[in-house]
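Below are structures written as structure tokens.
What follows is chain A paired twice: with chain B in the first complex and chain C in the second.
Up next, the complex of A and B:
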């Protein structure tokens, strides 16, 4: 399974250090006979137009993804808590309703959302993407966090209240630290969703200086040809933030996924 | 290295050429400054470098050079995979435009080939289109018929309609009115690998003369060497597919309608004719019976075939002259043993005319792009700066830039581009340009109908896939496609 998962990554990395001609050889060269970092040099060279574009697209993706993540966490944390702890009319219906958006393919919402963004004056802004990504990132974030809160014993909060804490203080000082792995997992999920999204970014942004990485990477495909080493180098660079994020926060993510496995 | 015998092929096809040229010509041909009735590699060489043009002066007469304005513009860009030469000319173009019109604030966006139409359609639905757009040749009529485009003819920007290929002008006409100007026109050629031919026991310098021979050669190559003979392309919703299948369909005497006839009416659906079925049968024979084409043809577009050709795994394909430049770029950037291998591929590349059908008919898609100006109500902000848009239109369709922007892979939309010194330089520097330029008179424009993108990008690939996957017989697939076209043109939709 590890080989199956790792092979595409290894192949991507090896292709990225081949020349354009070597990348097209058949049978394929596993290890390039003449390895070169030319594709990376081009991508990271701010003096080069390819490098300028790539670095700008990278920054744009980072900005959109971080903003989406922060907003998703800020909204999902109280929403999920409310669904977990409070009883109010229509609670069950609303809880299922938030997931409705995710039951349909993204392309169905493309034109309506584009028209909405146009009316709001948000076409050609990163705000249009952040808002759109929230529409499909938030529901799952709320579901994920709600499950997490359900597993935190309500008695802990009651004890804090008896000790004089307000509900907000109990939430902030007791529930939040205990739910940190869940919040981190939610943040990672939101970040990856926004980082990889293509269709909305390709449609809503029409200025070169605003494009995000998934759209920018398409530029390695031409009508009749593909710059495979450039494409693979850019794809590898694009995967770096996600890999780093996972490596740093892996223990929280695993805890979040396994927390609900045992009933408290 | 010996070049293919282009002259001999042209003589053999002379009668067909005359017919095809008459198809392309309008009654106003005599007013043309370039005589397309004489079209041949020799004629093109004779007019190259015979006239000087001053773009700034000519466009300044349309929009004053000190004009202050703002322009938003989308176009199909050239990107990392394209030849360096072409990418440099695109950069030069925008620098030159900004220098010539320093007070026009230009906001351009380059989009990829497969994204442009979808993105443009979505933007129009939200009234957020650009002021100007440059679209693939089959896009213009769809948008003109829906009322998105302003009337725009060459005369509006200082040129004459007669200075553009009549076939290209048809692609910007809708109900007798003109809605755009051709920027470039292209016809592809037939490319083969001489080394593979030799190893398979074929004459390395002689391409297949007919599509039946393509089928036979493909089988012989596959049976002898175990590699693919012909680079079939049958991907769904990709422009590459009709560009490669329609020449075959027309050569056998078929058509979607009567688009390959001298005066098409687009009223009779011919996809289910015996001739169309014969063309489909040829693809079936290669894919199913002989298994002599890439098994991945159902998902391949040309960008996937090209590496196979360069790796010596496909012997023949239909493609652009720019493939040769792509190969030169790859060779220049390779090192050591890879550089030598790349040189071997270059030495074995051969270009020839696209094969004929059984009765000697030769055809190719008359491709290219057109430039259009939108109506204000569909534009972001509700305003079109017409003077700025005309300045850009004039600039791109000028003899100088319509030639330079098509330098490595196409031909200038403005026929006067053939008279420039850059054309002369191009003929000297770009190997095989003669061949694809010589294919121009055989070009058949796609039907000038709003439904054409659906027919070419969806119905035709579907027909191929239905036959090649065995979902339907060849007859059933052709009948099904013909019925879909009848439903579509009858207003029934897909």
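Up next, the complex of A and C:
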């Protein structure tokens, strides 16, 4: 299983440090005879057109992902808290409606959202992506956070309210700090989801300078498909931010993901 | 659920005379403020698209999304779908894709979770490595595997040739018979870590005493697994399988980037087919009708999902 998992990633790395010529040999060179970082240099060099494009796609992805993450957390925190603590009519229905969104594929929403974005004048802007990414980011964020709030004892807030805090103050000063791990996990999840999203970005953005990485890489390499070392280097660079983020914060991430599904 | 009701719920006297729904809504109006932003976002980007898709599925539309010129055609789009050969081909592909991916990813993930549950040196590192395919982008994964499957320079074919399994480099994804299994291999590679994470979390809740007691009673490792661990994990297993099934049914990136549904529709699944109908052939009405059918199927799956989730919750609070 380790071979199955690791081989593709190792092969990506090994190919990325080959020259274009070395990659096109049969039988393949297992170990690159003359390892070179040329592909990476090309991608990261703002002086040439490849590097310019790649770096721009990278920043676009970063911008969209960070904005999506902030919005998802800001909107989901109070909503998840309400779903966990309050008992307003329709609470159950609304929560399951939120959950159900996770079942629907992006494609179903593609045409209507495209038209909606056209009406709102957001086609070809990053705003269209940020707003759209909330459709799958929010339900997940609400679900993850509710799991966390459910596990924070209500008594803590009650104590604060006896001491004179309003409900909102109790939420802000007692519950928020305690749910920090949940908020971190939610943020990572939103970020990774937005970073990796492909289909909306491919549909809503047409101007080259606005593309995000997954789409940019595709457009870029459909023109010169023979540069496999370059493609592998780009794939690697695209994976670095999410893998680093994940490895550093995986403790929170895994806990949050399984909180809702596993009984305690 | 009931145990989670907030401390600010209805006052004591309200329990004697049950307030009307409107009164309840009015008295908890402050609560709605917390969920209002979420509801507004969801209404704009979810409820409206669903309504719009249903509406559009009854119309014939000209190419180019000039939707003012659409024609009402009743159920014709649905009839078109059900009478086409491609529909049945794509449906069969979707069934194979969903079942095979879900089942194998689940079993592999389960096995990996059991293996990782024991304590050994390097466990944390191994776990992190196994999860990475699930974290990286599906677009990157598609390119990596496309390169490994390459019919001239792909490493997988080269290994098979060198081991003497085949005479020449196989065309993994350019061949009608091997394309779907080849894509399923990629999909499982990406998804089994998810099953692994879920089952690992579940394993932590299996009470040690129960396993020790079984051991004292002379149960073998297999018996302990089959009679204690496995039933104990039935809840999380159901949820995991459902989530995997939905994710697989809805997959898009791997088949689309790797093959675009080809060759001759051999790797088209519902989602990629809908996308092609809409954005490739600009048949918005037919694509919408497909989406509505999809919607109905997913609602059925959703019913089981919600039931599995609330089943878990009942167990949780009834204990």
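As a working rule, the second predicted complex is superposed on the first by the 236 of 264 C-alpha atoms of A that agree within 3 Å, B and C clash if a C-alpha of one lies under 4 Å from a C-alpha of the other, contacts with A are read in each partner's own complex, and residues count from 1 in each chain.
Here is the rule we go by: contacts are C-beta pairs under 8 Å (C-beta built on N, C-alpha and C of every residue); 3 or more make two chains touch, one makes a residue touch a chain.
Note that the structure is a prediction, hence the values are computed from the model and not measured.
Bringing the complexes onto one copy of chain A puts chain B in a clash with chain C. In the superposition on chain A, contact is made by A:206 with chain B only, not with chain C. By the touch criterion defined above, A:138 lies against chain C but remains apart from chain B after alignment on the C-alpha atoms of chain A.
More chain A residues lie in contact with C than with the other chain of the pair chain B and chain C. By the touch criterion defined above, A:21 reaches chain B but does not reach chain C. In the superposed model, A:169 makes contact with neither chain B nor chain C.
Of the two partner chains, neither chain B nor chain C is touched by A:151.
When both complexes are overlaid on chain A, the residue A:33 reaches chain B alone and has no touch with chain C. By the touch criterion defined above, A:125 reaches neither chain B nor chain C. Stretch 165-173 is the one among 165-173, 183-191, 201-209 or 219-227 where chain C clashes with chain B after the superposition on chain A.
Note: residues 23-26, 110-111, 114-115, 203, 218, 221, 228, 231 of chain A belong to the chain B contact set and to the chain C contact set alike, using the contact criterion stated above. The touching residues of chain A, counted against chain C in their complex, run 1-2, 4-6, 8-9, 11-12, 15, 23-28, 74-76, 78-79, 81-90, 92, 94, 96-116, 131-132, 134-135, 138-139, 142, 150, 154, 157-158, 161, 167, 192, 195-196, 198-199, 203, 213-214, 217-218, 221, 228, 231-232, 235-236, 238-239, 242-243, 246-247, 250, 254-255, 257-258, 260-264.
Put simply, chain C touches chain A in their complex at residues 1, 4-9, 21, 24-25, 28, 31-35, 37-39, 41-42, 44-46, 48-50, 52-53, 56, 65, 67, 108, 111-112, 126, 128-133, 135-141, 143-145, 147-148, 150, 152-153, 155, 158, 161-162, 169, 189, 193, 197-198, 200-202, 205, 235-236, 239-240, 243, 246, 249-250, 252-253, 257, 271, 274-275, 278-279, 284, 287-288, 291, 294-295, 298-299, 301-302, 305-306, 309, 312-313, 315-316. In the complex of the two chains, the chain A residues touching chain B come out as 19-26, 33-34, 36, 38, 49-50, 110-111, 114-115, 117-118, 123-124, 202-203, 206-208, 218-228, 230-231.
Residue ranges on chain B touching chain A, taken from their complex, read 72, 74, 76-82, 91, 107-110, 112-115, 119, 122-123, 125-128, 130, 239-240, 302-303, 306-308, 310-313, 319-320, 322-323, 326, 329-331, 333-339, 341-342, 380.
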